[in-house]
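Let me begin by handing over the structure; questions about it come next.
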Amino acid sequence: MATVHSPRIKAKHQRLVLLVIALAVVLLAGLLAAWALRSQASYFYVPSEIVAKPPEADRFVRLGGMVEKGSLKTAPDGVTIRFVVGDGKSRVPVSFSGIVPSLFVEGSGVVAEGRMQPGGTFKADNLLAKHDENYVPREMQNMTQAQARKVVAETQ
Amino acid sequence: MSGAPPSSVRKGSAWAIWLPLALFVVFVVLVTVGLLRPADRNVASTLIDRPLPSFNLPSPLPGGAGLKSADLSGGRPRLLNIFASWCVPCRVEAPQLAQLAKAGVTIDGISVRDRPDALQAFLAENGNPYSRIGADNAGSVQLALGSSGVPETYVIDGKGRVRYQHIGEIRPEHVALLLGKLEAAK
Amino acid sequence: MIAELGLAALWLAAALAVLQLVGGALALTARGSALGDLVRPVAVVQGLLALVAFAALIRVFAVTDLSVRLVALNSHSMKPLVFKIAAAWGNHEGSMLLWVTVMGLAGGFVALVERRLPERTMLATLAGQAFVSLGFYAFLLIASNPFERLATPPAEGNGLNPLLQDLGLAFHPPTLYLGYVGLSVAFSFAIGALVTREVGPAFARAMRPWVLGAWIFLTLGITAGSYWAYYELGWGGWWFWDPVENASLMPWLAATALLHSCGVLAARNALRAWTIMLGVVAFSMSMVGTFLVRSGILTSVHAFAVDPQRGTFILALLAINIGGALTLFGLRAGTVTEGERFAVVSREGALVMNNVLLSAILGIVLFGTLYPLAAEAMGAKVSVGPPYFNPVSALFFVPMLVVLAVGPLLRWRQDKLDRIGKGLALPAAMVVVALLAVLMIGGAGLLPYLGLALGAGLAVASFLPLRDRNLRRTPLPIWGMVIAHFGVAVALLGMASESAYSVERLVALRVGESTAVGPWSVRLASVDPVAGPNWTALEGKLEVRYAGGAVEVARPQARNFWAPAQQTSESSLLTRWNGQLYSVLGEEASDNRWQVRLWWKPFVTLIWLGGMLIALGGVLAVIGHVLSDWRRIVARSRIADRRESQGR
């Protein structure tokens, strides 16, 4: 609007200040996001990868694979479980304390979130087993040669 | 309304006006790549042209023969159908399986996570096109085959190698395709 | 028959949408085309027909007509009726039908009620609405017909994911959809205004109730969704930064920004192009969210069906709608005249800062959500979680809280900070006191401390705009703003308290054994089998005492559903005024011990209470705006009457 040109406001100047602030914020957001993503994104590994090239200690990663049959043991405290996740090439021992997702069984797929310990054990903070019997985690598709799910077999 | 004359048309930030569109285009390109990638993986199943994993499944029904991987390398191409009584699309494909069986195709079945009584009822209702049925109660053979769901059908050649994988139910228009794949597998 | 009726209604509605689009477009180009008069009634009928189709779908689900493929795949005759009905929209096709229904009804409502805008803008708006709807009709009719019949109906249906058999979830997606669709109306208004270049206060006032309404539903939807994830997933968390959650958060952030810039445009006729831009962005975020959720392009812990083909279809719709809108924006925005000017230190300036910061957070969330996709394109598989989202978004959230405290006190156009300085002394003192208090208690991280201190200050500051006002004569929208801002403070306090002071305990207990978590003592009294309509369960009976008080009972369950066969754990929540005791029963461990997981979460309920307050603020604002618009219309017609009678 060209109707009001109050000299007190110095419109152009003020507009510029706002624009500069906005640009600075957006730029800051972009830089920060880029930096944080590089340092905070957690990578997905399959057992053979994590054995060949372990992540830095204390880095939060995801480990996906199949729970080996006969490997599942419960510790004496009753709430810690240990099992082995394998992908046919390598095997990684995993420990987890907590309520196990109901679809977590030996021989099924699992994605464990947690950190690699110095001794070569993976300490999981969280186990993801999708609550859907047709589910194969997307990250594991390469490994199991599992295919995209069918249009018709969906259960939501 | 603002009947303002367009006297102070903004000019300085003309490029900024197109920025959202540019960002949006980047987004569309990114997700298009993401959408296409899994589709590529589907086609390149590594089981194709490789021998079947070995397995030995009991029969789900009393008195049946069960299904071994060795049964499938019988010199002639055949179909291996993964199904279950609890799966709706399996009912949809039953007429097509019956048609294929009538055309002289040997069909072996693997029933996944099923109960004998439910399976019996399913076969009574939809017909039994299978020459042998194996019971895969843990779904482990299904997984070894690289099948993520039910139903799925494999074309196996005379030497027991997977030649083609059909995902989802066999619709009427797929019958000719499967017959062609069987012919090619000879 | 019902299914065929629904399908016919759907086709007819789609045909009417074509008519609405073509009629509107022709009337815009050829002046005074008779088709223009058709557009409004057609929009109304189109909405009603979509409603008929949706009612038909509800009907086939209610009677479990298994010859309809969708019913066979998603329902089961043994399910309670309410879940049978909820199953109608608990799947892809049904939810898309719900989408077009709400969108059609909203368009019809606009056509019926909105009389403030110039007719040409209205025509363009309704044509835009029809264009967007048409994409979804095509999607439904071509790629995902909800009424498809099965040649051989099965004896029994597949059932519904038991995780979704929950009242909260049954009404969660529709709530979000109402929000998304409300934003589609704002989008159509923006397109209409761009086409005719009529951007001004009248446009903002017409758009505002829709933005507010959408924003209320999104707020409620996100609040409810968060609570659902909290008690249903059994992980004790209330926000996971999961793609599905982000998909609902992003439109909310955009809508929040739009809401505030709309206010500036309505009151001061400034921020014109920016408001239009936000109108486009807000709906884009809804579609992007729907796309991300439905295409399965991102891995999510929430179980949603995945189908790349559908994803492609939604992506195509997205590209056409949003790409088209942004192109139109690029072509036209340069010719939208600049609005009124204002100083940096002014109400407008503060609202611009609010918009900039919200946009920054939106960008951060979008960036983090899409990053795994970009990384995968380069061959790395990553997931992005709280370690990224929490600190990075907090960095922008904190200055936004400051703006939120200061902004409402500023005058329009131009102001001086020292004028309001005194008023801010009280909240500032609150911040310092709260900070000292939490530092003395100790035991938490930097972010929770900051949250508690700022939350306390903001809770006070949010009421400052009422100072020097006659409370009885304070307009409802001001009350709405105060309450919504107070809600932000309440939710923030809840979040900070939860993350600072939660206590967790994981044990294996024999029946009769006890443990403790925070101030609670917990004894496992028994584990018994119980049965529900389509599940059986093991139910733990936990006798709990708060600080040695009276015994209360918590009953967490491990449920087994029959159809489809699945297990879920039903957490139990004991709510006190100062927090919740959250308990989960796990599996039977070795030697007759049961896994029990317990959390004591002080003041966690404030999170959702805050969310509800925010929504309540929105409701008050909507009522206030609609009422004042109504009064203005009545007054104007009275003046017109008077003039007429004087003229005689």
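In this document, chain identifiers A, B and C correspond to the written order of the chains, with residue numbering beginning at 1 in each.
Keep in mind that, in the parts below, a residue touches a chain if its C-beta (ideal position, glycine included) is under 8 Å from a C-beta of that chain, and two chains touch if they have at least 3 such contacts.
Keep in mind it's a predicted model, so treat the numbers as computed, not measured.
Peer 1: Please work out which of A-C and B-C is bridged by more C-beta pairs in contact, and write that pair.
Peer 2: Result: the pair with more contacts is A-C.
Peer 1: Name the chain whose C-alpha centroid is most distant from the C-alpha centroid of chain A.
Peer 2: It is B.
Peer 1: How far is the middle of chain A from the middle of chain B, if each middle is the mean of its Cα atoms, in Å?
Peer 2: Roughly 28 Å separates the two chain centres.
Peer 1: Please work out the Cα centroid separation of chain A and chain C, and write it as a whole number of Å.
Peer 2: Computed value for the inter-centroid distance: 24 Å.
Peer 1: Using mean CA coordinates as chain centres, what's the chain B-chain C distance in Å?
Peer 2: 36
Peer 1: For chain C, give me the residues that contact two or more of the other chains.
Peer 2: 73, 158, 269, 308, 337-338, 564
Peer 1: Give me the residues of chain A that touch two or more other chains.
Peer 2: Residue numbers touching two or more other chains: 1-2, 133, 138, 148-149, 151-152.
Peer 1: Considering chain B alone, which of its residues make contact with at least two other chains?
Peer 2: In chain B, 2, 4-5, 7-8, 38-39, 87-88, 92 touch at least two other chains.
Peer 1: Going by the contact rule set out above, which residues of chain A touch chain C in the complex?
Peer 2: 1-2, 4-6, 8-9, 11, 14-15, 17-18, 21-22, 25-26, 28-30, 32-33, 36-37, 40-44, 60, 62, 74, 77-79, 97-100, 102-103, 126, 128, 130-133, 135, 137-139, 148-149, 151-152, 154-156
Peer 1: Given the complex with chain A, which residues does chain C contribute to the contact?
Peer 2: Interface residues on the chain C side: 73-74, 90-92, 158-164, 234-235, 269, 296, 299, 301, 303-309, 337-344, 349, 352-353, 356-357, 359-361, 363-364, 367-368, 371-372, 375, 380-385, 387-388, 391-392, 395-396, 413-414, 506-508, 558, 564-569, 584, 586-587, 589-591, 593, 595, 597.
Peer 1: So in the complex, which bits of chain C are touching chain B?
Peer 2: Touching chain B from chain C are residues 69, 72-73, 118, 150-152, 154-155, 157-158, 198-202, 269, 273, 277, 280-281, 284, 288, 291, 295, 297, 308, 311-312, 315, 318-319, 322-323, 326-327, 329-330, 333-335, 337-338, 370, 373-374, 376-377, 564.
Peer 1: Can you check the complex and tell me which residues of chain B touch chain C?
Peer 2: 1-2, 4-11, 14, 17-18, 20-21, 24-25, 27-28, 30-35, 37-39, 86-88, 91-92, 94-95, 121, 125-126
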